[in-house]
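The structures considered in this document are given below.
Common to both upcoming complexes is chain A, partnered first by chain B, then by chain C.
Moving on to the complex of A and B:
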């Protein structure tokens, strides 16, 4: 399904084998996410009082480097805080993200994709979350949402922000570039507004459509 | 004091919270204080630059080895900086868990602090690399001696000797101190023979850093309780984690927050202010001392 802001595209349940799956497209970046679980857990990973969440990120070519490992860890720490793990003790929830096409924004894209896949898999969540990446252009004090690799390189600073759907507070952030406090607050508030205006309504629309169909 | 001592072993978290309510911590720090920090430079004679950092009882040693190399064709005027962080199993008992059993139950509601050794090392290595890249404290162009022919390659090796929490801040301190201590000898390039010439006696010159990044870790226990510089026990309690890297009194080059519960804008600004203050303090008291 294509959204009004034509650079964002999402699809639910595009894979048949996983319990939940989603595809998310931001400009030229495409990510595919599958969620298995809550299901059987390896004895080593079993936790008595809650479900164990694991995240696997598959790059399009090559093996995982440090960057991907850090990304997996970040994503796991986010998802683990959001999934109500205590509802499914002694089980495993596996999230697998496959990079299909990468033109920067991969963090934001994977996070949005993972959120939709978790919704599709009917995993109980505390809240949903939306991720926005944006770049601040120095001269004009202008913000570009979901910049491409070139824009990101030329910008003064860029960052990926993750907001929760209830209080719209910041769950996670990752920035690059040198900036001061005012610039950070400026970009943070704009990113939050963008998430409220664009990303969350997209999620709503998509889920509504999915359940009206059935 | 009596009843505080009673439940320390059986209810460590409740014990800890009793101190927090009084605005102090069991190790006599205020909430915004870092542990006493001590930096020794030039502790490895065989390395080109080295430092040993003690942050409380977290010890990190850093050695920088400089080698000559031929730069790659796609970046002929740049040298290389390669970081490697090791957090061996011997530096903490809690470090000794295999990757498969990385997620332990414990007190952590979200698994902010539970990672395997490999993951921790990968994260720290990436972080150090990012700090150098984002802060631009060191120009890779400065490491080039002759374009397309000869450049320096800096191997920055960090080893955690004792892990009592907050290895990332200690690593950053150690790395920047060692870089400030780094001395490279002058090398010329002989065009005809196509080989480097080292002048004797060696003329040592130190590298000029554009700025001095300081990393500050903050964490939250309950909502509205923000603390600086977690030790190992506090790392087990923490529910969310923010890392801020400042380069001077105003500018920040890196903000990273893992999952866990979400922070309000005011809390985030408080974190930034604390990080800037801490950066100022460490720059005055550590970096400027040598």
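Moving on to the complex of A and C:
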């Protein structure tokens, strides 16, 4: 029933200039993320009792459109809840995501990439988080993880789920398509299992490599 | 020792408490609502007596009290100098916080000068404050760093080089011509040598050392010195 041939790859600290950076690959989607912080804050953005988190998404070509703006807003609201902002008042934490290749799944890819970059920058977090996007094909009742654009179009529903590392609870969800409660639960539970089986172990492996090298 | 435990944010750290001993948790750990100890960064869990902390590879400096740092003078006003120490905001250094300084006799600090200072207040809610004197009012090595060459390394390497058990600089200095070195906890190193060649050599040696484990230090230095004799 489950079908999975996704290629996940990740790399930590691939940029030298930012305080933390990561590269994440899902099939043909590649994103680079750099994190600066806790750093100097613009007077307008300064918050007296916590850090201000900002997210910038850079598309591969052209300028930011509304699509990117909405996307930045989604990311920011997720990250803002996960970062322990009260520990660094009057500072800024800037997350910059550069699209390198885009073949759908960009929300999941960006989130995983941002998580790794935040870990690399050692920003205080409540927990790590992993994101999975999947599509439900109706007539076969099967799930495709990280569908490409064509599969996504043909599917009954598709969604991106974000889970935390402690209770494996849902943090955020973004869906499109028509579905009922059972179908949602079915896809949610499978996505959660996928995050536990594939993505969190990948993060653990990377961090362990980083710290056991010395 | 707990040498090999790598914690990720949100991991619960189980520490068996000894009776009658207070537990002290340091960087990277916090207590959550249920009174358990939880990590909030990734790093190696370290322990010394009843102190627990996470050793992590951070690049950004967050000032804390009594740490020695290297700063760059950015702006000057009548009473204070603003110093860039690599943290989120500039630190302030009073003109009176130098050896033998009075209202009339101000120390000679120019914009762009490097200063070796101690952090007096490193509170998250306040602007960091620096001094260039110790408790007795003596400079004891603090103050303006003249000439030389400054470069950046990661904070973890700076802490490693400064730790008492580290033999790297001790061994190195036995075998090459004398040089001056100052290491700031904010990941800045200042070196002053008699030749350009030696500066480049030290710069490369320290940068390469970040990938060398404690146990390989001896071999690493042997190889370095072999290279160094080839340079001459």
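Miscellaneous remarks
In this text, the second predicted complex is superposed on the first by the 207 of 214 C-alpha atoms of A that agree within 3 Å, B and C clash if a C-alpha of one lies under 4 Å from a C-alpha of the other, contacts with A are read in each partner's own complex, and residues count from 1 in each chain.
As a convention for this text, a contact is a pair of C-beta atoms (placed from the backbone, for glycine too) under 8 Å apart; a residue touches a chain by one contact, two chains touch by 3 or more.
Fair warning: this is a prediction, and the values are worked out from it, not measured in the lab.
After overlaying the two complexes on the shared chain, residue contacts for A:128 are found with chain C alone; chain B is out of touch.
Of the two partner chains, neither chain B nor chain C is touched by A:198.
In the superposition on chain A, A:211 makes contact with chain C only, not with chain B. Of the two partner chains placed by the overlay, only chain C lies in contact with A:20; chain B stays clear of it. In the superposition on chain A, contact is made by A:173 with chain B only, not with chain C. Of the two partner chains placed by the overlay, chain B and chain C both lie in contact with A:164. Look at A:185: by the touch rule set out above, it reaches chain B but stays clear of chain C. Counting contacts as defined above, chain A residues 164 meet chain B in one complex and chain C in the other.
Residue ranges on chain A touching chain B, taken from their complex, read 42, 44-45, 47-50, 52-53, 66-67, 69-70, 73-74, 76-82, 159, 163-164, 167, 169-181, 184-185, 188-189.
Listed in rising order, the residues of chain C touching chain A in the complex are 4, 6, 8-10, 28, 30, 40-44, 56-60, 62, 88-89, 124-125, 211, 213-214. Within the complex formed with chain A, the residues of chain B that make contact are 98, 100-101, 103-105, 109-112, 115, 118-119, 122-123, 125-127, 129-130, 134-136, 240, 247, 250-265, 268-269, 272-273, 276. Interface residues of chain A, counted against chain C in their complex, comprise 19-20, 36-41, 84, 87-92, 119-128, 164-166, 203-204, 207-208, 210-214.
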